[in-house]
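One chain, subunit A, links the two complexes that follow: it is found with subunit B in the first and with subunit C in the second.
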Partner chain A sequence: MRYLPHTPEEIAAMLATIGAPNLDGLFDTVPTDCRMTGSWSLPAPKNEWELNEHMRALASAMQTNNRTKVLVGAGSYQHHIPETVRNLASRSEFLTAYTPYQPEMAQGTLQGIFEYQTLTARLLGVDVVNASMYDGASALAEALLMGLRIAKKHKRVAVSKAIHPHYRAVVRAYLQPAGFEVVELEFLASGRTDLSGLADLDDLAAVALQSPNFFGVIEDLEGSGTAIHGVGALFVTCFTEPLAYGLLRNPGSCGADIVCGEGQSFGIAPSFGGPGLGMFGCKEPFTRNLPGRLVGETKDLEGRRGYVLTLATREQHIRREKATSNICSNQGICALTAAMYLASLGGTGIRQLARLNHDKTQYLLNSLVKAGARRLFGGPVFNEFVVEFPADFRPARERLLAENIVAGLDLGALYPELADCYLFCVTEMISKQTMDTIAAEVGA
Partner chain B sequence: MSEILGTGGLILNEPLLWHKGKKGRIGMSIPASDVPAAPIDRHLLGEAVDFPDLSEVDVVRHYTRLSQWNFGVDSGMYPLGSCTMKYNPKTNERQAATPAIASAHPMLADDLCQGTLQLLYELQQFLATITGLDAVSLQPAAGAHGELTGMLIFHAWHRSRGSQRHKILIPDTAHGTNPASAALCGFKAVPVKSDEQGMLDPALVASLMDEDTAGIMLTNPNTLGLFEERIREIAAVVHAKGGLVYGDGANMNAVLGVIDVKHCGIDVLHLNLHKTFSTPHGGGGPGAGPVCVTRELEPFLPVPRAIKVGDRYRLDSDQPLSIGRIHAFHGNFGVLVRAYSYILTMGEAGLKKASQLAVLNANYIKEQLKDVLHLPYDRPCMHECVFSDHKQQEYKISTVDMAKRLIDYGYHPPTIYFPLVVHGAMMIEPTETECKDDIDQFIATLKIITKEAVEQPELLRQAPQRTKVRRLDEVQAARCPCLIGPSGD
Partner chain C sequence: MKELEELHLPDDIRYTDEHEWARITGDTVRIGVSDYAQDQLGDIVFVELPAIGDSFAKGDEFGTLESVKAVSELYMPMSGKVVAVNTALTDSPELINQEPYGAWIVEIKPADSSEYEQLFSAATYLDLLQG
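So, the complex of A and B:
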């Protein structure tokens, strides 16, 4: 076995040093009645060729591949990943290190994460960003728990029904066993969240919106923030497509107290939904309530600039059950990857790329409407939108699939009231020609 | 001893990203627009984002230089106790990057994703057979996430029986995350002291276990690197009072093929795929923390899970007792691909051998160093051994000094000051992928360091001296936190 370096002679010599008769003898402290009896049902070991062949077979069982045009977002986006990002993020000095407990040996990771925190804070308009959470959904759950910690006595939070349904499911799983109540807010004909009932909800610690929301609609964050603060609750915003903030006003500038979401769009492959990147930041007064790891700048013995993990007194290994969260391992290399991607884009590039996503999306939306589809929500959109077709869209969708195009996501399973409505997503990967093909199928 | 590993090296300085670049540069290709510009409401428009503009070369040099300030398993021995820093096979990276897998979208119909669903299904089966438990959820994204999932399952199981319990027993030899994970579910942690052998005493557990206690969360092998020999008795005590037993399986690397988790009396166990199953730790993640349970607890697992119907795979969410979702999609799928590839490569014999050699390496180190370092629990260990700085205290040398001196010699230090039950703990986990020569050199180095502690203690107090930066002022970092770079800088 090529990963196991011991020769029989070395094993014998080491056993002699230890005073054990054989390898099995090393386990004498394990009682007999705890032992594994019988053998496992595992396939025979594969060499590298056989493993490659096996994975090729799994890949060929997929009906989509990297040439498929996927016009579905819904929390996972097909964006171009530059070869530089792929290459740099796979450098093993980064990849095979662990959490930087020994900062003198991990300045690469630490400066890289400090830069990630900084770029993300600038993008989202917040004062502090942590070193990452597992994903957008658990980040939202942790944001609401943080809101409940800050608000202390309150036991209830409200979340928009236009937040990704999976994110809301994770919020319920995290909050309800601890005795917190999660209220859902309806959406309007514009696709934006209806906040008119907020005043009737007492005991509210925090209210969460997603923008652009699950329907792609850009929420009125500033107006919502005023309404939410007006009832004395914290304003939490989340996102699944942070590229939007290359173009749109960011949540911090609209008054959000806690901002979180999924950063997979920034140089990370969809990979069937993970690993992604839980992005998480807040306004300064709440820094010590943050979950997760933080990197801070400091100096070494000789006065040189350096970085360490800091404010650990919030964390599980110091505060035990009083910690702000139980998270320790997070999505380190994904945060570093996102920073590499944002550095490659730059301020000029992120504007250009966001604009391109917006313009292409408008093009498809207009084309589909011209072909007879109805735009479901009137609110402004970024790179996703919902339409309804005059006739059954399924046959056209099947024909497009045969051309390696996945045309939208049927919302019926997620929102029964939106059966036969489709959520589309357009990124820079989708050409005008592909969009014209879809519109032609709809018009056919 | 042969030539030491550590040298001064050629380490280049590198500024922060925003001190580089020039306005108007770009580091990646953006396609030209092939559609008309669309109007956008000016009230929605934000200001330009304050990012530096860098060229491709700027970006490549920046991160290449940063990487050279880092140390990973590929650089050298990384005996960080409890973290299982074994070699991360390169072929597993390739498998996770398989184009049809890396580009798979998580929201598409099951029929379009048979390959990824088959992988999920088979990995669930593999982990069940390896642990001896019956059913598996792959959603948890890390060990602590698995612990939380386990506690949510405890909560839901008790509730399904019409009871709500408020306490949970947590030994002092359990992992540090356990109390925080339990607290997230509203359980109050009740500490359980280990005895002078580092073992849990069933009588003590019996005295603490009552009908308001949901169960026990223990780590086995525990954080002293010792196997809890009376685990079956402890489990029986907890079960008799209507509680459940949670096993933190972070240390499973010691006992693959040796223990049957179900025979041990454990109801819920999480595995750390980034430890036992060799996936890279990424400077702090992503990991994966699948949860394995008994048949009785299967209905409470997170949804969806992959199932097989005839010769097709699909996702099943129809589980009314389930705790729900704990990840937006299927957990850290790319990590699951790597662990799956590792299991396929190792096979049964390879995995069992890995545990044997991990335990061999740890016991070998323990035997060779116990003359120069104090060994608080002198008994056969599993995959790691825990020393203390007791013998060095008279020279005013503490664990941190020895750890920092190891850096100058080219090693990542062990885990230090954990577990808390050992004062000045130094927890060494070599893993099975280190060969005898390298372990011998590591042992020789620690012996030299203990000698230096007597003869030249200042060398230790001033260490490390060969790194990019020397010891950093952590107090200042926490007192006046500087967590992001200044804007407009």
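So, the complex of A and C:
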């Protein structure tokens, strides 16, 4: 049933009341070149079997089958999703309301979010984690806006060029129209961020690093934090691969004030690049500047445990234009899935899985170097690294693609200066046999 | 909430239309919020204080009060530099509800003492509230 509640008479009466000549008149403030005026260029309707055939043809043009081994990473990771998580997360009662609008009625939903916040806070080493945001990129933009709110009078932030290029594009889209300046910090031969110019940047509210960064290199977070705090700025860290913290010291314990990133690795399929999970947390003194929703634990009148949305005075339905964010929602099902994933693996499982990712990555890196590739950056890595090959790698990559192996990402499109350098990622899903196949092609 | 006649509005301090009060204490001025403001806000749960040394012009926002139902900005009744903040409010923001005229929020060194005379007397402030 089409839900069109207004009759033409009612629409005419409403237009007359507000003084608009017609429906298009409502959009006069939108520049004409941003409005579509012609008709939709759509193909003819299809029946159900024709549509199925069309979708099948689209799907077969892509590497969506389980046979394809993806060694790309770059913000999206092919990890095993335990059947427990897949089964629990697909229960239909979790797939209804994405954020509760009569929250305290939905105690189960709130408890799920609370568990997610608790597990994530422990993993990242922060005091408080919100109910989640859209994805890692928007979480980073919100983190920098939060830094600017805390620093009040400063108008400038610095971000490492080793942060995911898409994340930096989202940061610019959020900050620049609001009158803030985004400075980019170069990376060194080690692949780590060059912080030597920080002292020359005045008016700095916050500095953001990613670790492991886009090149897979683990930043010296503790040393960087000291340098960043030394110039009076807040220390923001982000991540695309939170599994790394199963093995590495977490950002909170390295001095990060605000920690954010993408949680897709935790039980969420890469799909076509989304939906993701924006993880976002901070240290306690900054709680009231946190964007997004927050669930707290409390007791009811009879002393029973219960869950409530808390510190809602930060949010836009109360705070209006002074709200800490325009986000008044969360990625409910993705956050719940991540909580299920973390609970399924447990602390020991996360550590073992992180170790497995790291060790397999070292195996491929060593095999490629033995086959003649050159490791581009000297800094330590987790499950991603960058290499360049002695000869054109494209023919070998094409041959591997024919064997359902996606061997790395050419960085030229994202970093012109790194053309013909390839970013590789190895997760637990990649077998020794697959890695040997790649090394053999390189050596061939 | 209180009826306007029930409000406590001392005569020895001055008020603003944003419901702050100012009291001269030697060569400094203490600033808080009126009985009307605390009554309208309800239980205050958090006070965001400026830093000592911050300078503000008259009318500038210098902090926020958060109650269980709203957040309100605090505006400077007079220009000046912050010389002290009432840190007792960090742990006990409810002091503002209990003693709105004892629980000062900031103490400033005024840039122009004559600005005090431009503020409302208790009687004028009450007239303003009664509309």
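The definition used in the following text is that the second predicted complex is superposed on the first by the 382 of 444 C-alpha atoms of A that agree within 3 Å, B and C clash if a C-alpha of one lies under 4 Å from a C-alpha of the other, contacts with A are read in each partner's own complex, and residues count from 1 in each chain.
Definition applied: a residue touches a chain if its C-beta (ideal position, glycine included) is under 8 Å from a C-beta of that chain, and two chains touch if they have at least 3 such contacts.
Every value quoted in this text rests on a predicted model; they were computed, and no experiment measured them.
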If we overlay the two complexes on their shared chain A, which of subunit B and subunit C does A:273 touch? Say first, second, both or neither.
first
According to the stated criteria, A:322 is in contact with first (subunit B), second (subunit C), both, or neither; which is it?
both
Tell me which partner A:80 touches in the superposition: subunit B (first), subunit C (second), both or neither.
first
If touched residues of subunit A are counted for subunit B and for subunit C, the larger one:
B
Of the partners subunit B and subunit C, which touch A:292 in the superposed model: first, second, both, neither?
neither
In the superposed arrangement, does A:313 touch subunit B (first), subunit C (second), both or neither?
both
Give one of first, second, both or neither to describe whether A:216 is in contact with subunit B, with subunit C, with both, or with none.
neither
For subunit A, which residues lie in the overlap of the subunit B contacts and the subunit C contacts?
313, 319, 322
Where on subunit A does subunit C make contact in their complex?
288, 313-314, 318-319, 322
Considering only the defined contacts, which subunit C positions touch subunit A in the complex?
46, 48, 66-67, 69-71, 73
